[in-house]
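Each chain carries a letter (A, B, C and D) given by its place in the written order, and its residues are counted from 1.
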Amino acid sequence: MLDIAVIGAGRIGQIHARNIAGHPRARLAGIADAVPEAAASLAAATGAKVISLDEAFAATAVLIGSPTPTHADYIERAAKAGQAVFCEKPVDLSAARVRACLGVVAAAGTPLMVGFNRRFDPHFAALKRRLDAGEAGRLELLSIISRDPTPPPPAYVAASGGLFRDMMIHDLDMARFLLGEEPVELFAAASCQVDSGIGEAGDVDTAIVTLRTASGRLCQISNSRRATYGYDQRIEAHGSAGLLRAGNVTATSVEFADGSGFTTDPALPFFLERYAAAYRAELDAFITAVSTGIAPTPNGLDGLKALELADAATESARTNRAVALS
Amino acid sequence: MLDIAVIGAGRIGQIHARNIAGHPRARLAGIADAVPEAAASLAAATGAKVISLDEAFAATAVLIGSPTPTHADYIERAAKAGQAVFCEKPVDLSAARVRACLGVVAAAGTPLMVGFNRRFDPHFAALKRRLDAGEAGRLELLSIISRDPTPPPPAYVAASGGLFRDMMIHDLDMARFLLGEEPVELFAAASCQVDSGIGEAGDVDTAIVTLRTASGRLCQISNSRRATYGYDQRIEAHGSAGLLRAGNVTATSVEFADGSGFTTDPALPFFLERYAAAYRAELDAFITAVSTGIAPTPNGLDGLKALELADAATESARTNRAVALS
Amino acid sequence: MLDIAVIGAGRIGQIHARNIAGHPRARLAGIADAVPEAAASLAAATGAKVISLDEAFAATAVLIGSPTPTHADYIERAAKAGQAVFCEKPVDLSAARVRACLGVVAAAGTPLMVGFNRRFDPHFAALKRRLDAGEAGRLELLSIISRDPTPPPPAYVAASGGLFRDMMIHDLDMARFLLGEEPVELFAAASCQVDSGIGEAGDVDTAIVTLRTASGRLCQISNSRRATYGYDQRIEAHGSAGLLRAGNVTATSVEFADGSGFTTDPALPFFLERYAAAYRAELDAFITAVSTGIAPTPNGLDGLKALELADAATESARTNRAVALS
Amino acid sequence: MLDIAVIGAGRIGQIHARNIAGHPRARLAGIADAVPEAAASLAAATGAKVISLDEAFAATAVLIGSPTPTHADYIERAAKAGQAVFCEKPVDLSAARVRACLGVVAAAGTPLMVGFNRRFDPHFAALKRRLDAGEAGRLELLSIISRDPTPPPPAYVAASGGLFRDMMIHDLDMARFLLGEEPVELFAAASCQVDSGIGEAGDVDTAIVTLRTASGRLCQISNSRRATYGYDQRIEAHGSAGLLRAGNVTATSVEFADGSGFTTDPALPFFLERYAAAYRAELDAFITAVSTGIAPTPNGLDGLKALELADAATESARTNRAVALS
């Protein structure tokens, strides 16, 4: 049984705490949160106890789900305490800070896993497995579509690091995960079409990115902060031997037909529903990695590289120039 | 070039006349109809001439699309004239009359093809081909769904011979076509749920039939005189090695998604659209058969056997008893 | 918290015991099984204790998942002990025995729920909800397809009561659930096409049934003991205003395309996977009913009526005659 | 009846000549081709006569389907002769030459239609209609996928003007057709992944393009010279109120299911099959335009603008820089 303390009792902390409580090989060591009521509420819901930050950093492992600005500090503190760490993405919005933090982790030699949950989605994981098994031959073209159902409030946007660091970072990680080699060039085009408040907050709400790898593989990413038909999450991998794609997921298989046509359910509403299984599988991978002493993945370097791509996309969208990636 | 005269300038005669006019190996010898204006209008549309019945029976081949009560007489006259005949289904609503008619045809030794157009539908024909090729293994369960978009007027129903002879006869022929052996038992259940006027005219508008063959293959047919989502035409063949099915066809591949879900087009509206290709392929098969001297299929016996099944279904629905078929 | 003892540590008992153990408003009072090792193994897996039958009948509620011949006796014993009972289908293979048992339950006034899990499947439950909401108008035609992936061993078949009581009983219950009125007539056709050993054991492996209600609604059921493409579970409800259907469920949304076409996953393999959510929802409904004092549904009468339909189907298939239902 | 002469008896000329011959409001004035046998063969197949170039330029209208280098000269000659012209794309591979040619046409005041057949595809045309009707709200993101089944021979590639001018030009025209405003920026990434012979001929076989319009609409195009699953032709328009997409088209609706899953047909093999209806509708639009005196569309300017985008894409792919469009 792996003892895991949870820091952060917000939306994402709640998902993880419940999954830890229900996992047969883990024990929820307690909930720490700067807001005592939040910690108490989540502790009650999961049968765990409220703990202090000091207590959280005394458990065998710690899951960091607190606000982004605290991540790097907490990772360093946990690493120095010899803890295994699972940290929600991103490690930090500054690549320099991430690099420094990863240096501390490397020095400590402790395991660090970063929460790119989509790698563990059963649909995308199956696509990856089949791609790796060669079913589609050599990958040539990759397309990733990711659209939120509704835009976040402009206030959220202002502190988020921008669409590329906040939202597309998941797709950039997925691109790295699937392309099998690092991108060498990136071009981004973006605009504000959904909510002018987002534009006034200095961000964009619609964006597309092109990636090219050294061997010539091409990747397209499409993001929007709004999709009226649910949380649009799709991947399509075109290879020399065929096409593999993972489509949207619906709540039921029910279909209705009348003069308007044949209508299925919309896509699942948002990440809580769409990625419920992914969060469980992600946690399971972390527990297994820590328990067996194998380095967890995606790790801190994956977090850094996705952030560097998001930084490059932010710059490219601003300058209208392609960015060469080292 | 095969010279074909068309008798009957109604809805079905129009389809066939246009197809003959457009066929590279046929010549439309003329249009005959009891209503001169109808003949003239179709002749003008196809670049053909209006002809008399006598002239129609002087062509190399004749296509009979006139009202059902005329079919058997016209077939006999054509056979005696040595003509190849394509006759719309049914040959007659009385099995005894059909038998007598087929006797005349047999005596004349002339070719007779009956218009079970669905055998030539590209979708159903592909299913048949793949079934025959053994792709699904041994056929065990067959399901045929056939639903009209809107009920016909009760006046039509009164003269139609009833749902089983007018509508389900197509599905009964399809069952014979696909089952690979004759049914030995039939059970029908029917009711009037769509239009009480149809019930007052002595007919039903909703019906299901069960067929069993000697080797134990089972078949279900489902008919309704109304489907709000278009002309519902589906076949599903379940075999020892897999399932083959042919689904509905839509006008376009366009799909719309919003909060209501993902919506495709409805099914094609009715037989003119759904079976446009089938009518062309059917005519082509007739022309090829006559031109090469090979007996056309489906033939008069197929017409008789489908009618006998429709008669048995009519009786079964009336008596609530299964009918053994010889 | 509702205390529930589980009797029977076989395949179905394992499903329920795990669900009880994971339910926030239930406590697993223990596992009783005639085979001590089975009880011990399941107890270990669920963190519960092994208990005796006497102890099982002392809990607040009991879940009966033992072999069919024990069901009625155990239900009676539990009822006399004042327990709420959840019993797997069927209550008994003899309708007379079921009637007697239900008399005992009625006399005791205790709640009894029968395990027709499919009513709780999210897909079928959504279809039912939308049908009841009038989305498809008045129901006219119902089609239920239920095909197992592989045939059971002939030895199982011999003790099962036959396909209609063992397998189709689920579909007969679903028909009652959805039709909104009781069937008044039934016709069954059956054969042995999958495994001759099943025929030698006196049973059939392929069967179709027709139901008719007093108002003329028609229902078709199709069963096979084999489907190469997974556990085929589909429902289609055709009404005056449209069609509602619930299709098969796949493990992932991944699709592969090459020269052979576009290929999705097969249907989920069998009931463990297909109805995992249904078993959880079913248990939740039982706990909620017992906790709130509302009579649970489906109840003993539902179990009896489905069995009576299965008996009628067995007779109809044997005699080739339609059976009038009272 | 519009008299149309056809110049060019190759693959595309054959399509158009047959469609003219089958059109009720057109007459095929004859076939001209530099290769007399080709002209004779197509003339025989369509019941038309072989004519000289001089005769072709004497008809009321001329359809130019000869090799690309002849297009501009023939258009000019036809314009000077007062003919209505339908010319296959492209007018020329040099934008300067196109401009000069359009000047001649403008001076003559004769109608010129350019063969962007996909605008007339029933699926894409329906999508366009529904988009224009506001069904998806304001268009924000457009995705166009176009992949040939198999790469052309390197020799073809060498004379083609390159992938962007030869293949993607169709998608660039479609982007203009759907975006509702002109692109102001373009970025292309391309590589040779399918056939190294294409690379040796100086071209690419895989390419993606990003377009941005002044109001911020974003468009992605994806091209490959190979798709193992048929001719991949898809469009997806994401708007403020929903998503409209047109998917691939299959030969039949037949689906097969076994342990490998549920398999539909592959996409239609290539443009002859996929765009058969589009070619007919395109011709009909030309005939209608000329007959009614309304200027046909897409016109010469559409041809020029698509070519300018293809030129910009060629440059962008070579320089790895975004190109601003005037």
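Throughout what follows, a residue touches a chain if its C-beta (ideal position, glycine included) is under 8 Å from a C-beta of that chain, and two chains touch if they have at least 3 such contacts.
Because the structure is a prediction, the values reported are computed rather than measured.
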Remotest chain, chain D as reference, centres from CA atoms: C
Chain pair showing more contacts of the two, A-C and B-C: B-C
Equivalent interface positions on chain A and chain D, same or different at half: same
Inter-chain centre distance, chain C versus chain D - centres from mean C-alpha coordinates, in Å: 57
Mean-CA-position distance for chain C and chain B (Å): 41
Where chain B touches two or more other chains, by residue: 228-229, 241-243, 257-258
List of chain A residues in touch with chain D within their complex: 138, 140-141, 143, 147, 185, 187, 189-194, 206-208, 210, 212, 215-218, 220, 222, 224, 226-229, 232, 238, 240-243, 320-322, 324
Interfacial residue positions of chain D with respect to chain C in the complex: 228-230, 250, 257-267
Partner chain A, residues of chain C touching it in the complex: 22, 122-123, 126-127, 130, 135-136, 241-249, 251-258
